[in-house]
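Next, two complexes with chain A in common: one pairs it with chain B, the other with chain C.
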Partner chain A sequence: MLLQIEDLAVSFLSMYGKTDVLEDVSIDIDSGEVIGIVGESGSGKSVTALSILGLLDNNAQINKGHINYKGNDLLTLPPNKLQLLRGKEIGIVFQEPMSALNPTMKIGKQISNVIRKHRNVDKQTGKQLAIKALEDVQINNPQEVFHKYSFQLSGGMCQRVVIALAMSSPPELLIADEPTTALDVTVQAEILKLMKKLSDNHQTSIMLITHDLGVVANTCDRIYVMYGGKVVENGTTSEVLYHPQHPYTKGLIDSIPEGKSKNHPLKVLQGDSFNPGKRPQGCVFYDRCNIRSSKCLEEPPTIEVNAKHNVACWEAESIAIRE
Partner chain B sequence: MLKVIKDRMIMLVFVVFGVSLITFLISNVIPGDPARMIVGQRASQETYQSIREQLGLNDPLIIQYFNYVKGLFTGDLGTSIRTQQPVLEDILSYLPATLELIIIAFMIAIFFGMIIGVFTGIYNNTMIDYIGRIFSISGVSTPIFLSGLIVIIIFYGQLDWLPSSGRLDLTMARPPTVTGFYTVDSLMVGNLETFRNAVSHIFLPALILSYVLLSTVTRQVRSSMIDVLNKEYIRTANANGLSKWTVNVRYALRNSLIPTITVIGVSFGSLLGGAVVTEIVFNWPGMGKYVVDSIGSLDFPAIMGFTIVIAIGYVLINLIVDLLYIFLDPQIRE
Partner chain C sequence: MLYVNKLIKTFEDLHAVNDVSFQIEKGESYGLVGESGSGKSTIGNMIIGLLDPTSGNIRLHGKNLWKGKKFIRPYPGQMQIVFQDPQSSLDSRFRIRDIVTEPFKAFSRKEQKQKMTNINMAEIMQRVGLHEEHLDRYPHEFSGGQRQRIAIARAIITNPEFIILDEPTSALDVSVQAQILNLLKYLQEELDLTYLFISHDMSVIRYMSDKIGVLYQGKLIEEGETEMIFKNPKQDYTKKLFASLPQLSSQGS
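== the complex of A and B ==
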């Protein structure tokens, strides 16, 4: 096991009080594995990712849990030790490539800064390695891009640069927080292919955070579906996508437009998206669930559908018992 | 780059023209007769008239202005009524004292303003920030004549550590003039005693003059640091494991400077105004003291000359600010 998140619970503090954003989130990643974390805005995907590297804002408070990485708990690791892991062993790619790069520093300089930090090389070698890193992310004219600024590049190019930054050491784990959401559809596929290829070359595990089930289906070995700060269902990609158990996962799959008849209205999830300020008692999905019952007012247990598939739903339990 | 310089130089001509027109008109509507000031109340009518003729005061206003502008282009700012010296000569002899004061105050303000600004920005809403904010708010809200008197009472009156007025002790010989800055000139000839004396004299006035700008810089650097530190590229830099120093200084501070230099350029005017008051409080023989004395004796050529020199200085500072933008912000450069 490379990284193991155990029962992580995070709240945000504000002048209005405390808002729980993550509750008992547990996620595992093996070496070389690609996992997907799927969920809508506010489901806690990004908070999970940021808490791994200790990048949460100051108003975030970790209530409980552990993040085990190679025998260390990242949550209790001293800041200077954690900083040594950042970028070197665990890289991260963010959603907005244009704003993720320093606008007043040349691309090459930003990459060589990171490379020199992690590999302890002199300026000249740093520059060569930076150009090599740009080549690795399939930028055609690395010499030229080295001397450019982020505002002179397209979104897709910027995301390649951000990936080059994250992969520069190369890391054991790459966290990709909606890496393709801000990009054109045509570019999305290229970026995903690139990440997959790099991770294969370097045996890097990927935690891919997205709200796009299509992306997950093509890329990931396993999926975690999150809703309202909880993992509601997880399992291998084929298990979760072809035999979804949780009503939320089913709703997500039903609302994909591809492959559906044009003559019928597309199914959508009813109700408003999750509001962490109004967390329902019991099951987080209670307000929007179409199969809810009185049992759901209590916290659902996590049920093992089979060895590769878990779900947190009372209905799924009764189905399992019936079968 | 050259285009910016060219544009600013063209603008400078218009600024000088406008400033000269306004000061000229003001000096003519203000009650007060320079000729009468020169000859005194009891002089005969003939003497009075001949002085008026000599000063050109009997010419139509437009001719007077034309003659003045004509003089400007040849570097002639007129003759001071009070000192009977060419105004330009007067100003040039007082300018180094003021420049020395302003430049040292400027350096103190920028240096410490940035340091305090960076720390209060990084440690936003902690004790460091609160102390820094109290310090900077008192800076922008304390008038120089008050803070000046307070430090004179403490460091001269009570502790007797530092002198309260002048540029050098009266018994001390001036260093040979090269730049006109006593601190620099004394070092050039290696005279450490004079240097120490000059530093002890300039210390308090420069400190007091710098306080306002220092506070402005602190507040600006603090707020732009807070702004920049919340940017996503700072999160990226942190996520890539760059050191605190690199992130805070090479990434955040550098980008915070872009809005800061704007404020510095604009505040330069208040530094010039502050210099006048500081020179009075510390009896510093610079342009500010010269112009206040000139105002007292309705010495219009001197006042106008001073105003024009200040206006030119202001335009030049803003030219430097524009050039710094080009240096700091590649989006403007490319």
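== the complex of A and C ==
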């Protein structure tokens, strides 16, 4: 196991009090594995990613849990040790490539600085490695791009540069937080393919965070579905997408217009996106669930549907017992 | 009903919209698909009167909407638009009641007064899935999906016959998106509306439109019945666009 998040609970403190944003989140990633974390706004998927690298804001409070990485708990690791891991062993790619790059520094310099920092090489080798890194992300004219600024490149090109930066060491784990959401679909397809290829070449594990089920369907080995700061369902991609057990996962899949008949209204999840300020008691999905019962006022247990599939739902438990 | 003929818009030396022609029949849902920079929103803005075309013409029921740089407005409220981001399209200092009834300000004083007394606000709010008591609140008290419902209420209050929907669900979560799509379909049937649906999302466009036009770099490269185009795209770009679409493929139950 490369990374293991165990019962992580995080709250944000504000002038209005404490808001719980993550509750008992457990996620693990093996070496070379590509996992997807799927959820809508407020599900806690980005907070999970940020807590791995210790990038949460000052008002965040970690209530409990562990993040084990190669025998160390990242939550208790001193900042200087954590800094050694950032970028070198664990890379991260954010949604907005334009804002992830420094607009006043040439692309080449940004990449070679990172490479020189992590690999301890001289300036000349740094430059060569940077050009190689740009080549690896399939930029056609790396020499030219090397001397450009980020604002001279398109969004897709910038995201390639950011991936080149993140992969330059190359890291053991790449966290990609909505890496293609700001991009056009044709570019998105290329970027996803590229990430998958890099993962194969370097045995890099990828944690892909997205709201788009289509994206995970094509890239990930396993999926974690998050809602309201909890993992409500997890398992292999085919299990979760084609045999969903949790009413939220089912509803989410039904909500996608893809492949649905025009003549019928879409089946919808009632209610609004999750509001952390109004967390229901018991099951997080209680307000919007169409099969809720009185049992659901208590926290549901996590039930093993089969060896590759877990779900946190009372109803799933009764189905399991009946079968 | 709506004719767009050889429409061209250039910004300095950029051809944002390049010789685009299409027509929309009454009661139809016409989808414009394209990636960023393809000119789809520019076309919408020219139809609604926010941007003047460089050349070409747009006709509604046979009447030209543009005379040179001057927009000849049809009957107030005949055409309406719903934008992508309900966060910025609703004035945060207005109460919902003022936001929804704002289109009436386009009428003369007398008509305005008449409309205000005749309108049944409760019914309008109910149509879009909100309640009458929401009318005295402010936009920040609502979620993204509810805000988009408010923007839709504002669009239908003038009994329009034609609505431009410019990426109306792109800022919303998938589960909320489905609610809004259902609402738009329901309203179209109920109020006999004609839609121009602008989106970059292929599955949404396919679900919503009877006909689609595919835009690429300002040009309308392919056009026709939605299912025909999805099943049998002719242009290479359209094929590439469809192939890039991440799909859930077959769905078990």
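Quick note on the criterion: the second predicted complex is superposed on the first by the 323 of 323 C-alpha atoms of A that agree within 3 Å, B and C clash if a C-alpha of one lies under 4 Å from a C-alpha of the other, contacts with A are read in each partner's own complex, and residues count from 1 in each chain.
Following the convention adopted for this analysis, a contact is a pair of C-beta atoms (placed from the backbone, for glycine too) under 8 Å apart; a residue touches a chain by one contact, two chains touch by 3 or more.
These figures come from a predicted structure and were not determined experimentally.
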Room on chain A for both chain B and chain C (clash or fit): fit
Please work out whether A:240 is in contact with chain B alone, chain C alone, both, or neither, and reply first, second, both or neither. neither
Is A:217 contacted by the first partner chain B, the second partner chain C, both or neither? second
In the superposed arrangement, does A:184 touch chain B (first), chain C (second), both or neither? second
In the three-chain superposition, say which chain, chain B or chain C, touches more residues of chain A. C
One more residue to check, A:133. First (chain B), second (chain C), both or neither? neither
Mind working out whether A:312 is in touch with chain B, chain C, both or neither, as first, second, both or neither? neither
What is the C-alpha-centre angle with chain A at the apex and chain B, chain C at the ends, nearest 10 degrees? 80
Name the contact category of A:269: first (chain B only), second (chain C only), both, or neither. second
With the two complexes superposed on chain A, say which partner A:260 touches: chain B (first), chain C (second), both, or neither. second
Just the number, please: smallest Cα separation between chain B and chain C in the overlaid arrangement, in Å. 19
Set intersection of chain A contacts, chain C complex versus chain B complex: none
Given the complex, residues on chain A that touch chain B span 53, 55, 83-88, 91-92, 94, 96, 99-106, 113-114, 117-118, 149, 151-152, 162, 165-166, 168
What residues of chain B sit close enough to touch chain A in their complex? 231-233, 235-243, 246, 250-251, 254-255, 258, 328-331, 334
State the interface residues of chain C toward chain A in the complex, per the touch definition above. 35-36, 143-146, 173-179, 181-182, 185-186, 200, 202-204, 206-208, 240-241, 243-252
Using the touch definition up top, name the residues of chain A that touch chain C in the complex. 40-41, 155, 184-186, 188-189, 192, 211-215, 217-218, 241-243, 251-260, 262, 265-270, 272-273, 275
